[in-house]
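Take a look at the structure below.
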């Protein structure tokens, strides 16, 4: 089957999930009480807002990841043909990776990969 | 011979002969849809059961054994119960995204099934960019997790989601690089080609130590990508109660649960395909007799058993190791796995060009 | 087992209350659903004191409540089916317990484990801070006495709860007889 | 495939371009402006790929351009977000109105 | 150091200290006005070095409250008990949580159980009881007809 | 609660850990101020299991109050009973028969091992490894079986009474204990294989939750938590009671000051306890298991303080008596309370995951803290 | 209409609809999610055009990378549950007009242009072709841009780190 | 970190992980190590001393040994036992205090054994029964003396 199978799969996933959720919606009558809707935090009312902005060290990783992700994308076509092309391909990618590796080393040295 | 591909072929010819093309096509769609849903359900039930049994035996206990013989209906009961449980949507949450997130995760998991070769010639869509497609689509699920974590309006969820976001994207690199190592060796992205290239032996045997290193990195990285212990920081029970799905209940929770196991299955299937030759029987060079004996075992059995082996490996990890801390987790990726897999990739390239592999 | 059955029969005297809308299909369905619910009771990890240790023992290899499918202990109330109140509930904890119970999605069940959860037990007299029984806070389905009850006793109470669910009666119906 | 005229695809891409423009004009938040820019870039991508497909099926240049655009878009987004966060830390706001004096 | 030596030493150091008989350890009664300086001396004096406060509590004697501090030196291994009488209607005493940091939580406990105010305590809040609890439960005259069922 | 919001700065997140949380082993409520994932402050809120034991005891006779103490630190309930009984005996000047003394000590050490086993499993669970919990409980179950046979209960024994023990040893006791020792020696190597040597675990533990020696003393930490910081504070050595001065054992002290040191102390302590049991198990003197006491105990007027070493540290029982049949005031100096007070100091600047591991190494039992 | 057409129009509706929502929603997180759907739609369109490789790249880089990054930056800088400041009414009016006018104008131009395919020869956009082109250095070879991209990425990475480190709060 | 240390770190780390996996793998492969006892089918053999519940022993003539002296009620730390006495006239015409109802609140009992120790006539003892689960807590309040039972001969 061709690309249309993707559609079929999406449909199947939606049908499956929606079906399950719908059954519960229809058949199960839950009780209502004011506490039920509140966020669950070990049985204690939440303090302060949840959707605050806060400092996380994650974003530096995401930044660097993005760069490497692009690199990865270029690697795929290369990997397919490397056997046919032979040494020149290795040199090409060697240069490519080397330059990126420099960046990696830089990041490492600057401590960007250290958790903050 | 009764093989899956034959059945599929016969069905298709029968459909085409009996109905006009449109109806045949539609009924084919319906059959595929029903089949994948069934597969989903069976996989979910089976893997959860397996996990519980494996855990039980590692932990010197019996595990579920009272619902049905050997407790095999245990997970069925769980599923029915989860379906019949109230699905809550917390008041303070972003209702739309909260309810959307499980769908996103499910769709992502479902889409990845498309290129997987379950048996010889038995694939939903042998897409020509095979493994690239897999790693692309599986990266959608991180959005689902972030969405779930954010929309719940719960601090634990948010923290869990952020952790898993950073974790999944980081480990995607290592997964990608170890996949590329095999692509280098087999020269194609298409899964059927990759399997065909292992006709005379699986890559894990043919590729010397670099491929084994690639395999180790792969299995570590996919464990992390599927949020499994020891990398289960996103839902670290002892830290963040239940992580990003703290607020989910009933079927919505079940979908996350299910998607987790489907994802495990998928990554293990990919691992089995790349390193263990998918449905390819164990062939050794040119031992004709041996190879023929091996061919008698149906290809689907080969595939399933290899995948189950990898799944078992991942479960084994889970029930043995303590959890890493978040900074150690990222350290492991950026300081160890990534540089090693880069160097390893170059090694494999050299090996491929020099034709050092068998 | 027979002893258990006796007990459950004793506690449901009177006529059978049909489940609303109980034609054949629905009752069959109800049977299936009750079967599923009774066999998949996921407890909330809720232990306040000494009885909690016996709760842990029940999870341990020797007693192993996973045989009944109870081992999926959820840390989040949203995914749990049953609270096993293992330990004393004090006045400060009572609102928390209530909140946890409220936040659980229906259907939900409660087991009061140990003297403390049933009635305040050892801390019934002369204390200013102990709730005299968890059923002052939330409704309780099954009580299991002991201080602490043995692990087997807790298993016994879980089986009792299973029977209750399978019978399909609600708490009110049992009370009403 | 060819049942859809190229024009329809171009319609989509143009519309997407102007949606991006609209967002770029009206949003006051730098992150959302960045999102609008992504939309604009994507509309261009659609064009490249569609032209390649419809007009130059013997070449792959359109595809390559699209790939490079994506790569550059990624780099751009990374730098932009780094700047945004930096800006936020110094001004504790990412409203363009507040960030008139962009001095680093 | 034996108890007698300790007593002699203490009288030399702090003339205002009196002693109570009984018990296995030295029972020193300290006037509450001087407690702060005396506590610091106990901690820092090279011959006393009572750096380990292992028990801090209060006793309600119906007429007055008595703070009881049990001290040990991890160097010389001598134990002693310090007692301070407090006024029952308005008990106030200097905190010692900068001298022994364990006192911080212990004093908070005494604060809500007996109502003793610790002056200069960094964070004197409820620790154990519910926010709306009234009365000081460990005082002898505490009555709680709602919750307490007398045997 | 409102004060807490006011006190947080922008960008900080206040999270409630507990009271119902798998890592708090009960109902400890920690209010954590986070910056990103880094902990800025940990504030314990207690009282979720405050059962007013001290008040209760003022109404209970000297025989009765002992049962309450086993509900305090239920993991070393036996040692708690022991401490309380010692205090009463001190006041009444009862001479306990030597058989009872030895029995008490053996039971104490068994309890200590059981407690440490459970701690080990729970601690591994906190760090995310589930299996050790089950292995630990396997050994623990054999101890509880032994206990059950002699004392009649698995957890809250109430076996020690003022003047001795409630019943004589079960005839099978010695045999079973010897079997247990064999089992223990065979199985504990697994602990090291599975957890102690594990690289992930070591990384989680080392350099985390540092508590210097001075701080440990100042915070009043006792027990293994303090001994991991190099403080010598074992009551069994410093102020020996019962027959501890006649048995050979070593006070386990580690100088690492971090979580790993505390971990090692407990692991090594189990071996010491086994050593003590081995020395005593064959030498239980014959005789009475209980001294003759009056039916109604009356402590003379005065103040009595006894200290014992529980699995978590020093338990002090302080009884003020007015000469009646019930104590005038009773105070339990619980080891957990002081250990907990050091938590904030240890946790600042580390991650949530570390906090959980730290609580694990402090081995908190909340009813012991709240009483 | 054939299935193919229906799929195309569905995808277009998804792309445009979620695009519009992305620029108009008042909640920033939702805005990012709509952007995500728009991007996925575009990837779907590439799939529809049989350009599988570029579609996968689109998903990997945009969905797996850029959107995640955007979401992180939202967490970092916003009270993300809040409504964003409403755009100034005048400006909305003005931009709507300008955009509509611009769109009409451009589309008219496009509509008038007669596009014609330059050749009928077909190069399969398969991955190995792409790979060969990418490593080729002759005509239609992209090895130079390929290497240059690495330098660009290096520059971007260094840039990011320099900027980000500068603003990093002092460590304890 | 030198490259040598780097590699050594990795090797040692992997080795320690493998040791752990060997252990868990061993248990997985050896189901005979499983120690689970299956409760409802196999009830455990409990030792004589296990304290499950206070019972009053009656002999076949429906006689018990309780004189109604309330020693156990006094000994019980938390009021679990309530003894209601009545006055019985013995055949000789002497009025005598005797047990009317022995109320035992199982839901309060802490199984501490103090009442058993206190009882001068060994009328009550601990039973090894532990299956006390009920749907209604009122069922836990028990009357220990059977209806119509009387004091055993010769017990004072």
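The first chain written gets the first letter, and so on, giving A, B, C, D, E, F, G and H; residue counts start at 1 in each chain.
Here is the rule we go by: a residue touches a chain if its C-beta (ideal position, glycine included) is under 8 Å from a C-beta of that chain, and two chains touch if they have at least 3 such contacts.
Values in this document were obtained by computation on a predicted structure and should not be read as measured data.
K.L.:
Name, by label, each chain that touches both members of the pair chain D and chain H.
P.N.:
Looking at chain H and chain D together, no chain touches each of them.
K.L.:
How short can a chain-to-chain path be from chain F to chain H, counted in steps between touching chains?
P.N.:
When the steps are counted carefully, the minimum from chain F to chain H is 1.
K.L.:
Which chains are shared contacts of chain C and chain H?
P.N.:
Of all the chains present, those in contact with both chain C and chain H are B, F.
K.L.:
Farthest chain from chain C, going by the mean of C-alpha atoms per chain?
P.N.:
D
K.L.:
Could you tell me which pair, C-E or D-G, is linked by more C-beta pairs in contact?
P.N.:
Between D-G and C-E, the larger count of C-beta pairs in contact belongs to D-G.
K.L.:
Take the average of all CA coordinates in chain A, do the same for chain F, and state the distance between these two points in whole angstrom.
P.N.:
45
K.L.:
Distance from the CA centroid of chain E to that of chain H, rounded to the nearest Å?
P.N.:
41
K.L.:
Suppose each chain is reduced to the average of its Cα coordinates; what separation in Å results between chain B and chain H?
P.N.:
50
K.L.:
Which residue numbers or ranges of chain E touch two or more of the other chains?
P.N.:
128-130, 137, 142, 150-151
K.L.:
Two or more other chains touching the same residue: where does that happen in chain B?
P.N.:
Those would be 58-62, 65, 84-88, 129, 132, 150, 153, 155-156, 158, 162-163, 165, 169, 172, 187-189, 237, 241, 246-247, 250, 319-321, 326-327.
K.L.:
Mind pulling the residue numbers of chain D that touch at least two other chains?
P.N.:
67, 70-71, 74-75, 77-78, 81-82, 85, in rising order.
K.L.:
Within their complex, state which residues of chain B touch chain C.
P.N.:
Interface residues on the chain B side: 52, 56, 59-67, 71, 73-74, 76-82, 84-88, 237, 241-242, 245-250, 253.
K.L.:
Taking the complex as given, what residues does chain G use to touch chain B?
P.N.:
For this pair, the touching residues of chain G are 27, 29-30, 33, 36, 40, 52-53, 55-57, 59-60, 63-65, 67-68, 71-72, 75, 80-81, 126-128.
K.L.:
Would you tell me which residues of chain E are touching chain C in their complex?
P.N.:
Counting only chain E, the residues touching chain C are 128-130, 137, 142, 144, 147-151.
K.L.:
If you look only at chain C, which of its residues touch chain F in the complex?
P.N.:
Touch list, chain C to chain F: 44-50, 52-54, 56-57, 60-62, 73, 75, 77, 87-88, 90, 92-93, 96, 100, 122-123, 125-130, 147-148, 150.
K.L.:
Going by the contact rule set out above, which residues of chain D touch chain A in the complex?
P.N.:
67, 70-71, 74-75, 77-78, 81-82, 85
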